[in-house]
Amino acid sequence: MKLSRRSFLGTSAALSAASIAGSFAGGAWAASDTVAIASLHDLSGALDIYGVPSNLCMKVAVEEINAAGGLLGKKVELKVYDGQSDINKYPQYAQKAALNDRVVMVQGALSGAAREATRPVLRKYKIPFIYGSFYEGGLCEKNTFCVNTGGNQQVVPLLEWSFKNLGKKLYYIASDYNAPRNFGIWNHVMAKREGGQVLADDYYPLDVTDFTAAIAKIQAAKPDVVHSCLVGGPAMSFYRQWAAAGMLKKIPIISIVFAAGNEHEVLAPEETDGVIVAYNYFQELDTPKNKEFLAKVEAVAGKNHPYINGEVFGGYSGVMLWAEAVKRAGSFEREAVLAALESSIRWEGPAGVMTTDGPTHNTTQDVHIIKVENRVWSLIEKKEQIPPDTYGGKCNVFTNPNQTDFLMPQI
Amino acid sequence: MSGPPILATRGLVKRFGGVAAVDGVDLVVNAGEIRCLIGPNGAGKSTLFKCLTHQHQPTSGHVLFEGRDLQGLATHRIARLGIAIKNQIPSIYANLDVRENIRLAGLRRGLEKRQLDRVVELTLDEIGFNERLASQPAATLSHAHRQWCELGMLLASSPRIALLDEPTAGMTREEMLKTVDIIKRLNASATVIVVEHDLEFIARLAQRVTVLHRGKVLVEDTMDKIEANEIVRDIYLGRKKEATHAER
Amino acid sequence: MDSFVILCFAVVNSVALLALISLGLAVIFGMMRVINFAHGEFIMLGGYATVIANHCGVNLWLSMLVVAPMFVALIGAVAERLIVRRLYGHLVTTMLATWGLSLFLIGAVTAIFGNTTMGVSAPLGNIPIGAYSIGAYQLFLIGITALLVVSSLLALHWTKYGLIARAAMQNSEMAATLGINCDRVYAVTFIVGAAISGLAGALLAPISGVLPHMGAAYVARAFVTVISGGGALITGFLSAATILGPVEALLSYFATPVVGQASLLLLAVIILRLLPTGVSSLWTGGR
Amino acid sequence: MMRQVKHALFPVALVLFAALGPFVLEPYDLVNLSAFSAMAIAALGLAFVWGTLGILNLGHSVFFGLGAYAYAIAVSNLGDSTLAVLIGIAMPVAFSLVLGYFLFFSRLGDVYLGVITLCVTLIFYSFMTSTADPSFHIGPVPLGGFNGITAVPSLNMPGDPQAFLSTEATFSICLLSLAGAYILLSFLRSSDAGRIMTAIRESELRSELLGYDIRFYKLVGFAVSAAIAGLGGALYTAVMGYVSPNVFDLPQASQFVLWVIAGGLGAFVGPVVASFGFQLLSSQLGANQVFNTELIFGATIILFVMLVPQGLQPMLLGLSSLKFPNRFGILRRKEKPA
């Protein structure tokens, strides 16, 4: 094979690829009367419980936009990919969306691992990435915009409330992976700030189903409140075994992930009643905007549509915020859309007012502290317009435009 | 004869649980011999062979090869010293063709490719396999041909000692005679110890015969003397002869 | 004192759970040398059968103890007939085919019921022990697991079917010459194994999340327990569960759960290295 | 002679594809096929150790995963990708020698050996998922727990870490590596050592009685398969730009086994084709939602195993030479119950 050094080298080739990609993108939507965005979700496999409703929310948003005449005179087309709960699929499909479908925006990749695998690919091909799941916070990257809550927006209000109302001694039990460990640091931040005490940080592998010893440990520690960040199907065993041991009525459980996997439906009411969580959105939210939204969901997915929780709501708000930005920019170009998102896009949706935050590339929004009773959530307290954490000024894409690594909260 | 015998055992014992299959065998075999081991079923012949090659670890006692104690050596190490064995149950590479089987046996000798090829063809000739048989998978061979294939493998590996456990079992007389020929060729360069029941076979081959009984050496002598030995007749030959009569 | 009792309970509980999730697999592997990768999905189907029967108004105990095992036995019969029977003697091929079956069952359940199903909660209330309290249902679970194991042992050693099954397992050719229909024995064994897995799933339904993918959490663990148990059918895996369970439970309690889980696997590796045909080779003298 | 020509056909096709692919394929397909090739390389390692040497290694993914992690850590620390790929090969080899010593120097039955390796890969999975804490790092690179290591640099010019190779060049390298692995293993298989390995698969006892140290050959074969898997893992990480603990998990381990069986045990071309086929299928299923992906994929596996039990390559060869009596192949016979 005789490839000259020049053609073999990436620096030049990457440049050309980027320019090609750019011209593709431009060409693709400039000429046709549709513009494509991609939905990258687990529609099968163990994580479809998050992926399917989030994808549905994106669909609802796209239909709403198209029903109102589309964007800049073009219909929005939703390219759907099934990540199959296999992280290897994410970079593949992100690439396909960028190179083959020439989409102008990608949303999804909800799990942390999927997000981390997808982010670099989209950065490389210069396709804006809207991240719709709540997460640990600290992601301040030029090419990514986070529209759901970051760590401080959930943990801070929930723990403020719980230290005040439930007691100062907190026991943290969580699944053993990145986000729960990061949330765990927020616990300590809050304990320090509010004079509370974190009795233990227990991390369990994702496939543990026997929590007998875990429950014994909690009983021995006698906390005022248990903060659970257990995620996934196997971890549902914890709540059942907790209730079976008669603990549900003795020590209250707070959580920022409970219900994201429809735990409150899979589990019986006598196992979940009284669990308290904090989300930007919940389906029972009693506002006119939410009634409208739910009607649209029903129109798309029928009356028995999956429960829309705070996790998957990002599928809707992400597309809507992006659409607002496109309107303001008057263009689908990456630079223009990102610039518009950075210029504080204000959008009033089912969960109240959401405003994109320029420097952090995160979103200021309301957070609701809610409680479940007989599989139905009711509002306890609403915390209005919580801004994303700035991580001491380090979370700033204006001053650190090349920042891609995560920022960690400091205790 | 100067120097130590090529193979000797001293007080060799092999127990399985409480049963001693080999119970203190002292055996001396000189270089160049063809030695026959006989004995009724359960006398410990096959077990003795397996102890010699460490397919079974002896419970106690020693195996000496040219005066060297084999204790602690792995089976393949013993094979490398030049002790080759054909077990009672044929063990060949069933899915490989005969030529490949023989080649694999010769390969260990570290010959040049051309020399090895010559050894393989020579061996095929010695066991009387034509081209068609040589290129057949070993699994498709008849019973006798399988035995010969395995003997061919022993030939090709050029051993110092060949241990043969019932090489003619299940053969017709003609096949047995051919086997005798092959073993004679083997004996040209190797000492042969063979376990057999067939008297004619033994008479044609063996200079000395060792009789094993209940894991011990009962007697060791020439075939004529053994045949005349009353005790041996009682425990083994007599019964065997009756049996052969009865079969006819 | 009460903490000691609780710790003992946790240990016994982990042994019982390990035994419960492995028994069905042990029967199938021990008798037929078939590694059933769809074992986890049989458990899942047992859970689903219980939950759905219960929602249709069937009494919970009836759904758990009768409906679920029967339903999964039916699925097992179909799977045996269509897949496993055609692949006997081919260990790896069977393993792959049952892996395919496991994905297929997950897909089918998701397609039919979606990924969210309302569960049933644990009956029987709880029992206080000093500063602690434990679920009475978990005690019931330990009891019924012991009952299951004992009755399997008895069935295997004291009934005519057990004798036939053991004969077929020891030497199928010889059993065939004795007039035993080995195909039929294998079929019955597979169905019984499936029914036990289904029962395990049913019993677990009130204390675990009944979801299409719930099987994945059990299969590797059951697999490791059964293989490190070795050749002896019931006693083998039982002893493996008795060794592995406490190690995991205690290390999870005193160290971290990750250490506990890793130690379970590491211990299985060491057991197999020292006793290449499993724990039961200690008293059966190898296979 | 004909045989040699036939053997050369496949690598020649791969080399041609490596040369022409960049001119005819879309960039997306190039990236995708690069990743598929990396996986296929790893599958070849298993095809060799299982098909030639008879070692049923259910945890082959451990070597793939070690190669993937070794590359990710090395390239992020050193910058130069050539050295990192070599480290990605060396790490699994070193581990395979330790593990192999542990396994082959005791008399383990094949299922039990398979289960031990499977346990080992699951231990790695458990360990790697629990490294989310930033205190787990090698040099400046955090192991990253469940999320893995991201933004791993792709291949660059030897000695010039800033000169990243283009998608086209990476594609060519991956396919050439696949051809290289194929040629290397084919040569090894037909060499004297390879014949002895085949002999060991056929009969361990006979080989031992002929004076071959079966433990040594198994160890060597195991290490070779680990090296090939490591190369696959390193290239995969280089192409995808990230590595996560999933490289060690049960589905990954099962996939390698599936590809080798589907391609034909004892064959090399078959497993490569099967690996491309199944990866393409799974990728297509995700891109076009026809029905539940798992249902279709599961049904495909069942049908494949039932209808083509002896594997793709032996079946096609059998069809072409119309040897119907022998259709169920010699290789099927090898697989015996535990």
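Order as written gives the chain letters A, B, C and D; numbering starts at 1 within each chain.
Keep in mind that, in the parts below, a contact is a pair of C-beta atoms (placed from the backbone, for glycine too) under 8 Å apart; a residue touches a chain by one contact, two chains touch by 3 or more.
Just so it is clear, the structure is predicted and the values come from calculations on it, not from any experiment.
Common neighbours of subunit B and subunit D under the contact rule above are absent. Seen from the C-alpha centroid of subunit B, the farthest chain centroid is that of A.
Inter-chain centre distance (subunit A to subunit B, centres taken as mean C-alpha positions): 76 Å.
Chain centres here are Cα averages; for subunit C and subunit D they lie 32 Å apart.
Here the spacing of subunit A and subunit C, counted between their Cα centres, is 37 Å.
The distance from the centre of subunit B to the centre of subunit C, each centre being the mean of the chain's C-alpha atoms, comes to 50 Å.
Residue positions of subunit D with contacts to 2 or more other chains are 126, 130, 292-294.
Annotation for subunit A: residues 44-45, 176, 203, 205 touch two or more other chains.
Contact of a single residue of subunit C with at least two other chains is seen at positions 107, 110, 216, 256, 258, 261. Remark: the chains found to touch one another pair up as A-C, A-D, B-D, C-D.
Per the touch definition, subunit D reaches subunit A in the complex via residues 18-19, 26-28, 31-32, 35, 126, 129-130, 132-134, 144-148, 150-151, 154, 156-157, 162-169, 172, 240-242, 244, 246, 251, 282-283, 285-287, 289, 292-294. Of all residues in subunit C, those touching subunit D in their complex are 33, 35, 37, 83, 86-87, 89-93, 95-97, 99-108, 110-111, 216, 219-220, 223-224, 227-228, 256, 258, 261-262, 265-266, 268-269, 272-273, 276-278. Listed in rising order, the residues of subunit D touching subunit C in the complex are 56, 102-103, 106-109, 111-112, 115-116, 118-120, 122-123, 126-127, 130, 250, 254, 257-258, 261, 291-302, 304-306, 309, 332, 335-338. Interface residues of subunit A, counted against subunit D in their complex, comprise 1, 3, 7-14, 17, 43-45, 80-84, 86-89, 91-93, 95-96, 98-100, 112-113, 116-117, 119-121, 124, 176-178, 181, 203, 205-206, 404, 408.
Chain contact summary for the complex, subunit B toward subunit D: residues 53, 55, 74-77, 79-80, 84-85, 87, 91-96, 100, 103-105, 107-108, 137, 139, 153, 157.
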